[in-house]
Amino acid sequence: MDDDSPQARWERHTEVPLGLCSLLFLTAYAVLVLGHGLPPAARDACLAALLAAWGLFLVDYGVRWRLSGQGPRFVPAHWLDTLVLVLPLLRPLRVVKVYEAVQRRRGRPRLALYARVAFYAGLSVLLLGFAGALAVYQQEHSAPHATIRTFGDSVWWTCSTLAAVGYGDVVPVTRLGRTIAVGLMACGLALLGAVTGSFSSWLLHVFAREGDERPPGF
Amino acid sequence: MDDDSPQARWERHTEVPLGLCSLLFLTAYAVLVLGHGLPPAARDACLAALLAAWGLFLVDYGVRWRLSGQGPRFVPAHWLDTLVLVLPLLRPLRVVKVYEAVQRRRGRPRLALYARVAFYAGLSVLLLGFAGALAVYQQEHSAPHATIRTFGDSVWWTCSTLAAVGYGDVVPVTRLGRTIAVGLMACGLALLGAVTGSFSSWLLHVFAREGDERPPGF
Amino acid sequence: MDDDSPQARWERHTEVPLGLCSLLFLTAYAVLVLGHGLPPAARDACLAALLAAWGLFLVDYGVRWRLSGQGPRFVPAHWLDTLVLVLPLLRPLRVVKVYEAVQRRRGRPRLALYARVAFYAGLSVLLLGFAGALAVYQQEHSAPHATIRTFGDSVWWTCSTLAAVGYGDVVPVTRLGRTIAVGLMACGLALLGAVTGSFSSWLLHVFAREGDERPPGF
Amino acid sequence: MDDDSPQARWERHTEVPLGLCSLLFLTAYAVLVLGHGLPPAARDACLAALLAAWGLFLVDYGVRWRLSGQGPRFVPAHWLDTLVLVLPLLRPLRVVKVYEAVQRRRGRPRLALYARVAFYAGLSVLLLGFAGALAVYQQEHSAPHATIRTFGDSVWWTCSTLAAVGYGDVVPVTRLGRTIAVGLMACGLALLGAVTGSFSSWLLHVFAREGDERPPGF
């Protein structure tokens, strides 16, 4: 990453623009899904922004493929990038990388390690949860027998899913809605793992330090 | 913290009064929310206690801001204090600090490290859960189509949320009730992390000690 | 524990009888709760066994109090024993101690450390879950609007609670049933912590060993 | 395992065939459960494949019992193998071993330790979840008052159970369906433990390395 190969330079220069691009994509998608009463011109503008952002993602993927010189082996080796290209709602995760890039430019990171893990996990869950709530709302709100009818219902359902609580008062009923839901459950599991793992390792760290400072008879 | 700066001295002297103040705030709030048949005079007294406690929190925040000499950078640097000032129901968490202060005065802490983590996590969850159950009950009990109708329902719902079980037989239906619910879910995640992390690090500690004491062939 | 004080000798000699006594208590309670069509004489015998077991627990508590020579400080110092005396359904947990005692007599424990933690956690959860399912069934099965009507429902609900899943298709509706449910949720949290903590420390152990054995470049 | 005893050689040679056999068993079971409109001949072929695979498992168990020379002590010592023989839907877990065997033949494993744990946990959960969804669907889809009516419902229910979310919109109602459900909940607990434990130990690993590389004042 720190070397001066063409790939590294490309990634360094496209990081911030592509991150902004992801936010643009998410915003345009949100306006399209939530803006029921918008004039057609505004909807067309949003659709254009959506497609333009997607086009840029495609160009970036192509350039990185070409620069890598890996040929057909590039697709399985970068399966996460390929997935994100096909499902660009997962793109906002790149914001995490942008934040890192901005921090790196200003010098050394100012956040301690545990705070960084908590910050990244929180930001990723926030963005993924927002994208998931939008997508589930789009699939569900007009389905027959749907219980998720407003965007508020969808956000409430997303929170209860990410926290692994799962009340079940509102649930997706369509096939695509449930597929997105399974993805959100996986995020919830990862979030639980991140919270628990951070706490566990922080406790071990504290206990190790206290054990050094205090007399052994404590 | 152990130095003799004005801030440290202020915090040392206000710790116990502010902790009692938080308990007073929570008690007055509970009486206001649950005491439907109280005479108006008693309700006014509770409201007065509530406002007086809030005023003291404001004074404490102002004094600490002034003493810090940080100017406008104080608010983001102490965002947790700012949040607790705006949502004083989170205040009882200060009881944790009061307990620490009382312990420190009587000499060295008598609880071992793991017991302290368990004790603080339990106390925080108990106080936050009680405040959350009160707030959700206040929002929900008179809403149309509400399923949380009595304070017992609210406590039952709070417990199932904090344990990440989430039966869904009673759930908040109002916008504000659901917002408080999301906060309680986050507490539940943190509780799960605390329980798991403590157990994990305790096991590692025990195993490391057993590994030292026993022959390596065990 | 290994010394020869009167308390240690008393505990060593009463461990196995009191463990069998706990199993007798649980069995008699189960027969009383589930045996709707038993003849009165059989029910009276079960009740007598229940009371006799409880009496023995009381005698044991009294003897240990006397032997400790601690006076009134004994009750808070042994709060867990006091709780178990008041709620003897938690007694079967002593079986864990009995197993340990039996193992110790036959020589050194034959189970490795991780297996022992898993075994104790599993046995405790099994016994507590059975006792909880019995108690919830007793409270709920004849309550109005109850959803837990058969013992099978109660076992199903207990499993979904202990695993923190919480479907909510059957839930306790009485005040006492919900109180027992909160206790079971706490057991579920502890179980989750035990499973996660064991796995986490086992992984760390394996990784540390692999790290030693393999070349650092792996 | 690495020695040249007859058992080790038998296991080495039967690993891949038995793994393929497990996949055949699962496929035949899936076709039988899901293929409602198949011609009788095709159903008979599937049934034959099912029984043939089961017979091979029995032969393998018998040969390993004979080779071990342990007599009746073999059954409790290999209780997991015995369980898998009785419930062959748990068999696909052997695929994990097949993967290991294939990797070993090609030389040293190419996946790092954390990736291997994640890969095995993911593969096991996928196969067990598929088998569980099939079995629950078979038990439930024609039961009176069933809420799991299609295979899609069953998969959706399985995912919400494995992630410990438990919406409760569709739940098993038959005795056997609920028993399978309890097994899936245990898998969910183990999955949660695996995810959390991996993350926790990975964090500790990273923090330990960062602690070595950076100046202590960081």
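Points worth noting:
To keep things simple, chains are lettered A, B, C and D as they appear, and every chain counts its residues starting from 1.
Convention: contacts are C-beta pairs under 8 Å (C-beta built on N, C-alpha and C of every residue); 3 or more make two chains touch, one makes a residue touch a chain.
Values in this document were obtained by computation on a predicted structure and should not be read as measured data.
Interface of subunit A with subunit B: the two copies contact each other largely through different residue positions, with under half of all numbers used appearing on both sides. The angle needed to superpose subunit C on subunit D by their Cα atoms is 90 degrees, rounded to the nearest 5.
In terms of C-beta pairs in contact, the better-connected of the chain pairs B-D and A-D is A-D.
Ranked by distance of CA centroids from subunit D, the top chain is B.
Averaged C-alpha coordinates give centres for subunit A and subunit D that are 30 Å from one another. As a whole-number value, the distance joining the C-alpha centres of subunit B and subunit D reads 43 Å.
Counting partner chains per residue, subunit B shows two or more touched chains at residues 164-168, 192, 196-198, 200-201, 204. Subunit A makes touch with subunit C in their complex at residues 164-168, 196-197, 200. Of all residues in subunit D, only 152, 156, 159-160, 163-169, 191-192, 195-204, 206-207, 210, 218 touch subunit A in the complex they form. Residues of subunit D that touch subunit C in their complex: 112-113, 117, 161, 164-168, 171, 175, 178, 181-182, 185-186, 188-190, 192-194, 196-198, 200-201, 204-205.
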